[in-house]
Structures are given as structure tokens and as C-alpha cells.
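Two complexes are shown next, each including subunit A; its partner changes from subunit B in the first to subunit C in the second.
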Partner chain A sequence: MSGARPAGGSAWRERYAALIRAAWLVDLQYRAAIAIWLLWGVMEPLIALGIWWSIASGGDVEGFSRSDFARYFFGVTLVNQLTLAWDAYYIDRWIREGEMNYRLARPINPVHESIADNLAYKARSATLILAVWLVAAAVWPAVRMPVDPGRWALAALAVVLAAGIRFLNGYVTGLLGFWTTRATALMELQFGLSLFLSGRIAPLTLLPPAVQTVAGVLWFPYVLAFPVDVLTGAVTTPAAYVRGFAGQVVWLVAWWAAYRLVWSRGLRHYGAVGG
Partner chain B sequence: MSAPATPRSAASRPLVRRRAAAMLRALWQVNVVEELQYRGNFVASVLGTLFWMAMALLTVALFFRHTTRLGGWDYWEVVVLLGVFNALTGIIEAVLRPGLGRLAGEVRSGALDLVLTRPVDAQLYISFRRLDIWRFVDVVLGLALAGYALVRLDRLPSAFDVVAFLVTLGAAALVVYAMWVALMSLAFWFVSVENLSVLFDAVYEAARYPVSAYPGALRFLFVYLIPVAWTTTIPASALTGRLGPATAVGAVAVAAAALAATRLLWRAALRQYTSAGG
Partner chain C sequence: MAATIVAERLTKTYQVKVREAGLRGALAALVRPRYREVRAVDNVTFTIDRGEIVAFLGPNGAGKTTTLKMLTGLLYPTAGRAAVAGHEPWTGGAPFKQRIALVLGNKQQLLWDLPPEETFQLNRAIYAIPVADYRDRRDELVTLLGLGDLLDKPVRQLSLGERMKCELAASLLHRPEILFLDEPTLGLDVNAQEAIRGFLRAYRDRHDATILLTSHYMADVTALASRVLIINQGRLLYDGALDALVARSARTKRLELVLGDGVTEDALARFGDVRYFRFPNATVEVPREEAAAASARLLASVPVADLSIQDPPIEDVIRRAFEVDTAGGEP
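For the complex of A and B:
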């Protein structure tokens, strides 16, 4: 790329504006499909909430009342929707079906297209889920979050970091398609484990202590459970905030490093096989 | 007018049925030969199923860390239900997704034209044209899990229980089939929706647990509006001896009604179809 004109901040703004606009317009054709994915995303927490609601009929479950469960799983629907990333499946297809080739011929790293796709998709689904969420909160007082703008700002930050980790995690998993034909199976595997380790099926404190320990040293809690806990007010002490945000930053950097490594190695491998 | 028509149609109906059976046999033979080339998929499919079964068992175990009963069912009873869930999932993945699952894309692209011009019933052909044979292993694994759970319950189902189980499992498969056809028919009205089968996946999640485990509003939803309650809870009840004869008859009636409604919906949907140019 030695001949390319140096890209300043405004050039990048233009590129991203074009990429996001294109992604937004593509999504526009699939509004109904996006609504279906949203419904799919809501059903799992709703079912988990239904079960915990029944279990908590006899009294609190280790300190969790029915309305605690309701708030937690409503937080899960929101954070999950805002951090959802499908990139592993796209990248895997790009590599297997050769769509990666013309993307490599462009003078811009394909990762920027994926980031723009995610921003456009999330902007669209965020407005949808927020509308659903506000209606639910209006009719069902149990799920209302305490009004506290400071905490909401922190929750927003935690969601952005979580979305970054989840994006890079999916992207790197997809790039493993350079070496294996079962990259999507690896994504499924992580998806299955995240049921417990991310807190999709239950708040982490209800898991067996050994599982909590395992979760604590992986990235899973930082992409869902931590932002949800910030949102619902379950994180209270400054030390807990620091631990959570530090964990998010560490895993964001780790997955970014993994991306750099897998991308450069993968490209070399890809050229060697395809050439 | 109707007098001469009656004997002719009465004579041709067995012929049509025999032709349809011969067609399906031929399709499936080709299908099996094709799939046998990809035996690696068999291993991957079994590993995948075992992984998701383990996740499901751990989920139930997690709930039972905090309760002794789920909707009145104890742990191994819920595991029987999970076995039934896996068996039905096997039927869905082996039969419905490879065939009906492609319908939405074909409505959008107009490829459905090729199906409609064939001299066979379109619903029959689309529903059963292709089998993902490796996923039938899920049926075996699911039934094995249910059997193991029955051993742990120390419960030997009577001959009557087994018959009731087989009948209600068949009814459950029909309800699931009807839900698929109903959902996929939506593609005729909302053309740009290729992920319609995800709608089914979303609601079918609810069938992992006995319907009595849900609070009132959800239970109403799953029994009367989206009939997932009729899929796993009832056959599992037959095995654990919870099924009354009235509910068993009710399950069969629901399946018959769902199937009839599906046929009407399918006809209405086809009238909507105007191919890709429409």
C-alpha cells in the first residue's frame, strides 16, 4: 500500500460513513428478518426467567427474589442484543466460498467492513429492543431499573467494551476458518459454554463455586454478566467496578492481540493453499 | 356432473398415493447414497448432539441445585422429558429443516416454480424431499436418555404406557410439523424473511421443560397460542405415568386439528404465490 495517499482522520471518517451507510441499506431490506432475530434473542431469557420465577415462588433463591430475576433477565435481553455479533459465521463463509478474495483485493482491511456492519446492525436493533424494553418497563414495574444516570453511563461503557470483546472473539473464531472447516462448530461450542459462563441461564452467583472460578478467569462473564450487573445495580463497591472494567479491558486487548496474530498468520497460510 | 366424477377419483386416489410413495422412496434412496459419502458428518453430528445434551442436562442440574421439583416434576422426570425433546429435535433436523426449511428462500427466488410444476402434491414433496439422515441418530440418543432416566426413576412403563407414549409422540411430531408449515407459509406473505425457521427455534426452546414449570401467563401462551406444550410434556408424561386418558385423546385431537388447519393455510399461501416476478 506504499502508493496509497496517507489516510488522515477525515479519510477514515469518510470510509466509515460509506461502509455504515451501505450496511444500513442492506439491513433495511431485511427488517423483518432482524425482528425475528430479536424475538429469538428475547425467548431464551424469557424462558429462563419463567423457570426461575417458578422456583422463587417458595421464597428467595440465595438472595434473589422474583423481581431480582426479572430485572436480571431483562438486562440480559438488552445487553445480549447490543453485543450480538454474527461475524464468525460470515468470515467462515467468506473463507470457504472465496468471498474473502475480492475483499482482500480492496485497499481496506475487511475488518473495517465487519465493524461497520456491526455498528449499523446494532443501531437498528438497539432502537427496536429499547422500544420493546420501555414498553415492558411501563407495564411491568418489576423490571424497572433504578434511575441513576451515573450508573447508566457506566453500564453503557461496559456494554461498548463487551460488544468489542464479543466482536473480536467471533471474528478470530471465524478466521480460524483459514485452517479448519469447522470454525462455526468452535463458535457453537463457545455459545454452549456461555450459557453458564456468561450468565445467560442464571446469574453467576447461582452457579456452583467451581464453575464461577472457571468463569472468572475467562472472558465470558465480561461480555454479558458484568454489564448486566452494572445495569441492574448488582455491582455496588468501587472495587467490584474496578475488577469488572479491568477484566473487560484485559480481555479486549487479549482478543485484539489474538486477532492480529491470527490475521497475519492466516493470510500467509491462505495464500499458500490457494496459490 | 358429480356422478361420473366420483368413481374416477375413487379409482385414481390409491394410484396417486402409490405414486407419491414410490417418489419418496426413490428420493430417499438417492439421498442415502449421497449422504453415505460424508461419513465424517456422522461423527460431527453425534459429537454435537452429545455436547448439547450435556449442556441441557447441566442446565436442569443447575435448576435443581435450587429446587427439588420443577413444576411438580423431579430431576429424572425432567430428564425423561429432555430425552423426548432430543428425539423430536432429531426428527426436526433430519426431516423438516432440510426440506421445509428451504421454502422461504425458494419463495423469494422463484425456485418454487420448479416444484409446483411437478405432478405431485407440492406440500408432500416440499416437506419430505430431503433427509439429513445422520440426525436420526438424535432420535436414538434421545430415546436412550429417556430410557436411562426411567431406569434411574426405577420405573418400568407398562405396555399401555408404551403405546400411549408412541401415539402421543406421533401426535407431537405432527404438531411440530404443523408449526413448521404454518411458520414457513408466512414466507408467501413476507417475502424477504429467510430466517423464518428461527421463529420455530425460538419458541421450541420452551419445550425443554414441563409446561407446568412456567408461570400462568407463559403456560397459557404455550398451551393455547403456540402449542409447544403439546410436543414434549405429553409424551414424557406417558412414560412417567402422569398421563390421563383424556389428555392423551386431547393430544391426538390437537394434532389432527393442527394438521387440518395447516393444509388450509398451505392452500391459502399457495394462492398468494406469484413467482419471483409477482
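For the complex of A and C:
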């Protein structure tokens, strides 16, 4: 009686297309809220830029000129929007309020809904920010990026890896909702730390050596500072590229392993809200 | 007929944090958390054949929903085994989930801001339903449920009853052979409840589907289920036909009367327990085996325009079953 095909490649393409379409249609209902979030996402790096711009009024700061800061923080704005993941908040709510139940009864892992949601969100935000950047670059030479397709390709790869790490990091944190009601607080803590450790507030090389050391052994620099540096041309030597990409791959694999572990253990632990 | 749902000694225990009230209790729980084991489902065994509609009854917290969630693979049992459509639910994966539907009356999957058609389209892709099949099935569901003009209205503008109809349609597009329904008529008005019941019967008849539902509404049970499972405090108390339960647990019969002029409540009291009196209607409860004799005496001594002998309402029968169990189960 069940007349469904086994899900092959085309079925998965259709699933992702349908999930992304639904995400966009829902987004269209919340245009104002999304515009505000986007503005918030753009304001933070612009404020940081304003501060460093005025600090650099008397000349370079540790080798950073005003133009360097402008390029860096425009890069931060773009990369941040392309790697931002809200999943911890959704997953935590799904678990606490019983919305995970019907998702678990479907023949696809709920992670696909989250991945599709991220693709939809990022495509939309990135388009808007790229458009703004093109307009800004037309009138403000400081934020122009050198035309270098090879570097852009590497930057794109670094952004994809960074988005993967950040997605899995947020998803795993949300899944901690299987055990604790404090999953979103843990996410807030990581957001706070990332302000310094990922390079959101300042280029990492301007931070005290101790902070740089701590950042170096965590995933934070690989989700923002490294892709931004690739994009702006701050990464120059092959060794630095190899170190950066290797770090990204290691953290992606680590968070993937954490996801596998937390998902299977979490399902066994799941109490499923309701009598 | 082969059993399509098998539950064997199914058990689920939860660790529940014990916390005393007040700040002191909160601090104590922080320093040294204590846990208590709660048996939500305790050694439950039953089988359900293909095409059966079975109602799962019990008070809140009895273990109905927990059992349903184990049978749909959402929860891992602590002990016991289950087979649903030949699969172990919690390891069955996508092939298993393609064959079942879980409908939760209190938590719906419809995309809140979009018309129901969008959720249907999403489920078409998720369940990999071929387009031609999808159209046929959607049209069938739209007709059976009377969805007509609801499909292009945002879900948030639909009434609760309309939403539940759309929820059922969204859940059945992949034509599941086993339906698990948790309170499918929760909060609906009488007309909507009746529409849902009629639809579920029709779906079962057309597709030989098996339905296991929980409900607080006895009307759902009497209208749909030929068989009931009664669970209380995690234990299965009764598994069998509704009629047999009534015959076993109902120790009384009710004489429904339409009285002639001048009959008072006191005059009826000597025949049995007067459960209702609003002239000219009255209900007198009498021991089951005395029903015929009591009726004859009543008819001989007071003016009666009409008399019928009824079983007590199913609610009372089931409440009695719970009371007997609770009284017997206490140490």
C-alpha cells in the first residue's frame, strides 16, 4: 500500500528544493523581522570598524591601516552572515516543546531541515550583503577587494568549511537540550567568547598573545578570522593556507563526530514531552 | 490474520529529578541531585491485527502517549520488544516511517504562516511521493475531509477543526498503513469530531489501514473502536471488546424513564438509586441482575409513559475499572 519510491539522488534534490522553498516562503511572512536581524548583523562589525577607524587616525595600528580595517570588517560582515547559524535556538525549542516528535516520525533526519534552512537563509543574506558591498566598493576604494579568482575560490572554500563548523557547533549545542534546559545559555556563552576569539571585535593579531593562544586551540578563529583573512589577502604564504585549511578540516570532523555521538545518545535519552 | 502491531513486555522507565519546594530545595538539588524512577509503561503486551481500530484509554499520565511514542520509534523502551509492520520501530529508519503516520492533536506539523497546500507539497517531497500519486491522494483526502476552499488560506487563519482536518490530510498523503493518533479530536466541536471520526472509518475501509488512537472522548471510542486497551499507571488493565468490558465491569443497569403525572423522586427511590430526576425524565440505577424485576415492579406501581434499560455510560464503566485497579494496586 505504501506507494513511495526509495529515496534516490533525485528524491533528495526534491526534498532540499521543497525545504528551501518552504523556508523562503515563511521568511517572506517575516520581512520586517529579518531586515532587523540583518541590520543587527551588519551593525556590529560596522561599529567595530568605526572604533578602529578612529584609533588608526594617527597612523597604522600594529601594521593595520584604516583601509586594512575597512576591508577586514567588510569581510567580517559578509563571512559572518554566510556562516551564521541559529540552529541551537530552534533545536532546543523543538526538544523542549515537543516539536521534535513529528519530525522524528518522518522518514528524514531532522538535520536536513536545518541544513536546508541554513542554505535558504544564507543565500538570501549573502545576496543582500554582496549587493550592499558592491555599491559601497563603487564609491569607497578602501573596501574593494583585489580581483583574484584563485583567492576568491579559496575564500569560498574557507567560507563553506566555516559554515559547516558553525552549523554543527550550533546544532550539537541545541541537541544538548535532550539533557539540559540550558542549551541556549551555552550558545550565548559561545557567542560571547566568539566576539574575541573568532575576530569579530578585532583582527586576532591585535589581541593579547594569551588570547591568541587560547583562540588557536579552539575552533573560533577558523569560523571567521581565517576565511576573512583569505578573502582580504591577509593570508599570503602556502604554509599559512595549509595551517588554516587543516585547522578547519580538523574542527569540521571533530564537530561532525560530536554530532553523531550526541544525536544517537540523545535519542536514547529522549523523554519526548507529553504523557 | 497477521498481527501488524506487536508489543511484548514493553517497559519504559524515566529518571525524574526529585526537588523539594523552596530555595533550600533548589540548592539541595543543585548540590546533590536525587532521582526517582518512574515506570511510565510497565510490561505492556498486546497485538493488533491489520484493519483493526483500537482505542487506547486511560487517565492523564497513564502511559498511553509513551506507548504510542515507542511504537512509532520516537522513544527507546527500557525493556521489552515491539514490531510494527514487521519493523522494530526505533531501528526501522526511513522504510518503517514511510509506512506509518503519527498525528498529535496538540502539536501540529502544518507550516503556521503558509496555506496547508505548502505543507502537503513539502510532505510530498519528504515522503518521495510521485507527482501523479500525490494529486490523486490529495484530491481523495480533500473530498473525504471536505477541505475544498481551505487549501489556500494561511493555517493561522483556520479554525482548530479545520487545522486538524488539514493535519490529517498532510499526515496521510504517503498513504500509511498504520495510523497512530494521539487525541485527534482534542478541543474540537461536536461536528468537527464527527467529521474526523467519519473520515477515519472511511480511510480504514478504503485502505485496510490499522488505527491505534488515544482519546479522552468516549464518543470517539464508541463510534470507532471495536476493541479497547485500558492502561493505568503504566499497566495494561484490559484488552478486549468494548461490549465485553461493559458486561464485565458494569454491575448495574440504568432504567431510563419518562414518567406519568404526579411521580416524585422519593417515589422512585425505593426501586433503586435515582441518578437523575427532572420531571418527566428520570434515571434509576439498579443491580444488573435485578434490572428486569425492578422494571416490572416499577411499571406495576407508578405511572410510566416510557421505559428503556441501558448500560451505564462508558465513562462510568472505565472510571470504575481504574478505581478497582488503583484500590487494589495500593500497598
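Criterion: the second predicted complex is superposed on the first by the 264 of 275 C-alpha atoms of A that agree within 3 Å, B and C clash if a C-alpha of one lies under 4 Å from a C-alpha of the other, contacts with A are read in each partner's own complex, and residues count from 1 in each chain.
Here is the rule we go by: contacts are C-beta pairs under 8 Å (C-beta built on N, C-alpha and C of every residue); 3 or more make two chains touch, one makes a residue touch a chain.
Source: prediction; values computed, not measured.
*Asks:* Given the touch rule stated above, what does A:98 touch, subunit B (first), subunit C (second), both, or neither?
*Replies:* In the superposed model, A:98 contacts subunit C only, not subunit B.
*Asks:* Touch test for A:268: subunit B only (first), subunit C only (second), both, or neither?
*Replies:* In the superposition, A:268 touches subunit C alone.
*Asks:* Which of the two partners, first being subunit B and second being subunit C, lies in contact with A:19: first, second, both, or neither?
*Replies:* Only subunit C; A:19 stays clear of subunit B.
*Asks:* Regarding the shared-chain residue A:146, is it in contact with subunit B (first), subunit C (second), both, or neither?
*Replies:* A:146: touches no partner chain.
*Asks:* Is A:29 contacted by the first partner subunit B, the second partner subunit C, both or neither?
*Replies:* Both partners, subunit B and subunit C.
*Asks:* Taking the contacts subunit A makes with subunit B in one complex and with subunit C in the other, which residues are shared?
*Replies:* On subunit A, the overlap between the subunit B and subunit C contacts is residues 29-30.
*Asks:* Could you list, by residue number, the parts of subunit C that touch subunit A in their complex?
*Replies:* By the definition above, subunit C touches subunit A via 14, 60-66, 69, 72-76, 93-95, 97-102, 104, 106-109, 111, 113-114, 118, 121-122, 124-130, 133, 174-177, 182, 207-209.
*Asks:* In their shared complex, at which residues does subunit B touch subunit A?
*Replies:* So the residues of subunit B touching subunit A come out as 44, 48, 51-52, 55, 58-59, 62-63, 65-67, 70-71, 190, 192-196, 198-199, 201-203, 205-206, 208-209, 213-215, 218.
*Asks:* Which stretch or stretches of subunit A touch subunit B in the complex?
*Replies:* Where subunit A meets subunit B, its residues are 29-30, 32-33, 36-37, 39-40, 42-44, 46-47, 50-55, 58, 61-62, 182, 185, 188-189, 192, 195-196, 201-202, 206-208.
*Asks:* Give the list of subunit A residues in touch with subunit C in this complex.
*Replies:* 1-7, 11, 14-15, 17-19, 21-22, 25-26, 29-30, 97-99, 101-108, 267-268, 270-272, 274-275
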